[in-house]
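The same chain A turns up in both complexes below, where it pairs with chain B and then with chain C.
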Partner chain A sequence: MMCGRAIISRAAPLLACLGLLGVWQIGALILNTDSFPTAWEAIRAIPSIVGDKESLINILASLRRMAIGFGVGVIVSIPLGLMMGRSRGVASFFNPLLMVIYPVPKAALMPIIMLWLGIGDVAKTLVIFLGVSLPVIYHSFQGAKAVEEKMLWSGAAMGLSAAERMIRIVLPAALPEILTGCRTGLVLALITMVTSEMIARQSGAGNILFNALDMGQYETVYAMIIIIGGMGIGLDAAFENLRGRLVRWSEPGFEIPVSFA
Partner chain B sequence: MNLRAVTIDVLLGIVPIAVLIALWQALVSFGYAPATLLPPPGPVFMRLVQQLFTDTFQEEILATLFRLFAGFSIAVIFGVTIGLLAAASPAFNAVVRPIVRVLAPLPKVALYPALLLLLGFNHQSKIMLVAADALFPILLSTYYGASMVEQKLIWSAMAAGTPRGQILLKVVLPAAVPSILTGCRIGLVISCIVVFLAEMITSTDGLGHVLVTAARTFQAIDMFVPLITISLLGLILNGLLEGLRSYLLRGFPEV
Partner chain C sequence: MKVVPSRPNLEAEFAPARRQANPMIVIDRVSHVFRTSGRQHHLALSDISLAIDDGAFVSILGPSGCGKSTLLYVVGGFVSPTEGVARMKGRAITGPGPDRGPVFQEFALFPWKSVLGNVMYGPRQQGVKSAEAEAQSRALIEMVGLKGFENFYPKELSGGMKQRVALARTLAYHPAVLLMDEPFGALDAHTRTRLQNDLLNIWERDRKTVLFVTHSVDEAVFLSDKVVVMTRAPGQIKQVVEIDLPRPRRRSELLLDPRYQKYVVEIESMIDDTSEERLRP
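Here is the complex of A and B:
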């Protein structure tokens, strides 16, 4: 009985996917317009996109930019967030700046950054970096702030230097929260990737999507939506898996990421 | 926290912003960036103030605000309702949870072309996109807030003879308010970002459209103005929400 239940709860997201595709299929059949193909037609268009060498290179280039932007963003943001969480001065130094930057859509900086850096990889990666940084900084900040003082005191009493305390006490203690931030950052990186490519129409997954929209190739539009959505769900699941291994000792707070734009 | 500490905090906080603006000015003054690509901060802020008093720019702001609030309100209504129901009913939860799990990490911007094709180029598609993006943080934090409500409170209400439906409204909802407001805050920031993006993609008015028009005509000054405006709008709305929070939570212990 327990086994059956476990299988059902494992398969639930898959069932949900199938259910949503089913709703789409029925909705499309009822509406029956050109601009809204059925789910089946959209799925059938996927192999022709993935099979096409140029689109595949485009999509892989997008993923590469995303990986670089995400990686650099995480490496820069975690130390900054941790320092903000442990030192009041650093926190009040950076907080207002971050508050001002937060509501600005990072992809909207694209036209300005493009003027300086051109429409190449650098501009897009920079925008992804900016998008990823904020949630990671924020969550690392929250995580480091919640570290129990007593542990730090014991660490100091046992002769750990400030830097050692940061790495051996604050970092592990804040890890669950940091990983929550990284998960949000991952979804965000994907979103920023799509939007930046949509604004600088040169290459990438977002470019294929919006070019197809402009040219009225509706099957391609929906197929790309499925591909990008699948990437989001797949990356998220992979990250969740990793997170489960790294911080098995902590119970998950938000088990579903909160996506930002 | 005394007044002096607060003053020091504020002063410290101004420093990086001031440094950023000074750096911006320096880049232009020392000729590292031509003024056509990076206009100096002075003229940009002058232009912002000047624009804020023109009718056309005010109309753009109003268009953006309308979409933002419409989408955000839809997200709040659905997010809070679904979140509460999911916390209250295991059957509903079993259905909703996997769907949310699939939809939450989906990049909603990728859905925008579909929304455009289905709902047209008017307000609806943008409002829907804002609602879709702001929905999940609000839904999730409502759910977590509602499922963390102390069981004793519910038992007391049941013992006092409150009907089940009433318990949800009178006990669970108020107890979940702090968490809901946290979700709303994230949702609000997201709404600001998304409404701007949607307007950049296809629009005939709104702040995002102002930016795109300026970019197409290489009016660097006019590109900065809508960006600063949306940042200010975000700050103001955040401040208002903060005010609402401290009013609603006046009885709660400090969180």
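Here is the complex of A and C:
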């Protein structure tokens, strides 16, 4: 019985995907317009994109920018967020700044950034960096703020200095929250990656998509959407796996009731 | 029953030399003011003086909000008093240190570390080699009755077990003084009794100095050599009661002992007095 349920819950995401494709297929067949190819036509176009050397270089360039933007974003944002969470002074300095940046769509900054830095890698990576930073800063901040004072006192009594407490107590204690921020940041990195390429049309996955749109190659447009969506799902799943391993100790499902003492 | 006046004369405390000539901890005219939100001030400790002998088990007893925990935090170096000074072995306390080991009601374990990892944390920080720290920690874990749970994470343990880990974690770095902040306050009655017994057994082995904050009269009398009764805020010492009961103490014998009962009733009436003081306009 448990086994059957386990199989169903494992297969559920796959079934959901197949269901979505099925609805798409039927919808496209009913509407029957050029601008809305069937799911099958879109899927058939995928191998030619992935097999094409130039497209592949474009997609890999996108992923490289995304990786750099995400990596730098995380490296800068985690320490900043943690310091904001533990120091009222740092928090009250950065909070208003972040409040101003927060509601601005990062892609809307793209034209200005392009004026300064051109349409190359640097401008696009910077936009991705900005997109990643805010959720990571916010969650690191919340995580650090929630660290129990007594836990830090226990560390201080063992002889940990303020800097050691930050790295060896605040960081691990806030890790579950930090990684939640990173997960959101990763998805936002993918989104800003595509939108940045949509505005600065030079290379990348977004560029392939919008060029195809201009030329009326609708199968390619939808195939690219599937590819980008697939990348998103793959990256998110990989990150979830990593996160699960790193913070296994905090998972609610990990709670095994022990009755003793 | 010996009842020491509320402001113990430090000279008199030094002189009799119950165990040693110099007390382990001296709290000298300590006051502490909390600044609450807005411009409100809250006087948590008001001109407190107290001496604690080496190897003594001293409880600080009082109603909630009387500043008893704050007094413990001052000794721990976690809170700097607004006025006065706390000294340990004659040296002013300026911050936390491994000579004073806290055990908190909230356990404050490191949730990302296993039981063994938590207990080993202090010794490793003190520079003890990994293998040696592990051997010592395993022995301590066994002593607090958690053999077999070395690789469990705090999340997997019950409250009583967590507090056992917290005690082992603090004992692991050999503090000269144990600072226990209502350690059994969050536990059910049965677990509480078991931990009290086990704590006494552990304490009888090496007789560390213990400063134990509690609001339970029974607990204070059962465990302590001396009970410091505090009044409701602004926190002052009402009386210091010496508990002259034989050791090792057995709960079953003690509960039937009229002397024990007398201490409990006496101290309870003191606390009732302090509650009434609060009600006066």
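Keep this in mind: the second predicted complex is superposed on the first by the 251 of 261 C-alpha atoms of A that agree within 3 Å, B and C clash if a C-alpha of one lies under 4 Å from a C-alpha of the other, contacts with A are read in each partner's own complex, and residues count from 1 in each chain.
Convention: contacts are C-beta pairs under 8 Å (C-beta built on N, C-alpha and C of every residue); 3 or more make two chains touch, one makes a residue touch a chain.
What you are looking at is a predicted structure, and each value in this text was computed from that prediction instead of being measured.
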item: Touching partner for A:Pro111 - first (chain B), second (chain C), both, neither; value: first
item: Partner chain(s) touched by A:Ile30 [first = chain B, second = chain C, both, neither]; value: neither
item: First (chain B), second (chain C), both or neither touched by A:Asn95; value: first
item: Contacts of A:Ala163 with chain B and chain C, given as first, second, both or neither; value: neither
item: Touched partner set for A:Asp236, first chain B, second chain C, both or neither; value: first
item: Which superposed partner A:Lys150 touches (first chain B, second chain C, both, neither); value: second
item: Greater chain A contact set [chain C / chain B]; value: B
item: Doubly contacted chain A residues - partners chain C and chain B; value: 254, 256, 258-261
item: Residues of chain C defined as touching chain A within the complex; value: 76-78, 95-98, 100-102, 104, 106, 108-112, 121-122, 125-126, 145-146, 149, 152-158, 160-161, 164, 169-170, 173, 175, 191, 194-195
item: Contact set on chain B toward chain A in their complex; value: 8-10, 12-17, 20, 33, 37-38, 94, 97-111, 113-114, 116-118, 133, 136-137, 140, 144, 186, 189-190, 192-194, 196-197, 200-201, 208, 211-212, 215, 220, 223-224, 227, 230-231, 233-235, 237-238
item: Touch list for chain A against partner chain B, complex; value: 12-13, 15-17, 19-20, 35-36, 88-89, 92-97, 99-109, 111-112, 115-116, 187, 190-191, 194-195, 198-199, 209-210, 213, 218, 221-222, 224-225, 228-229, 232-233, 235-236, 253-254, 256-261
item: Complex contact set, residues of chain A against chain C; value: 148, 150-151, 153-154, 156-160, 169, 172-173, 175, 247, 249-250, 254-256, 258-261
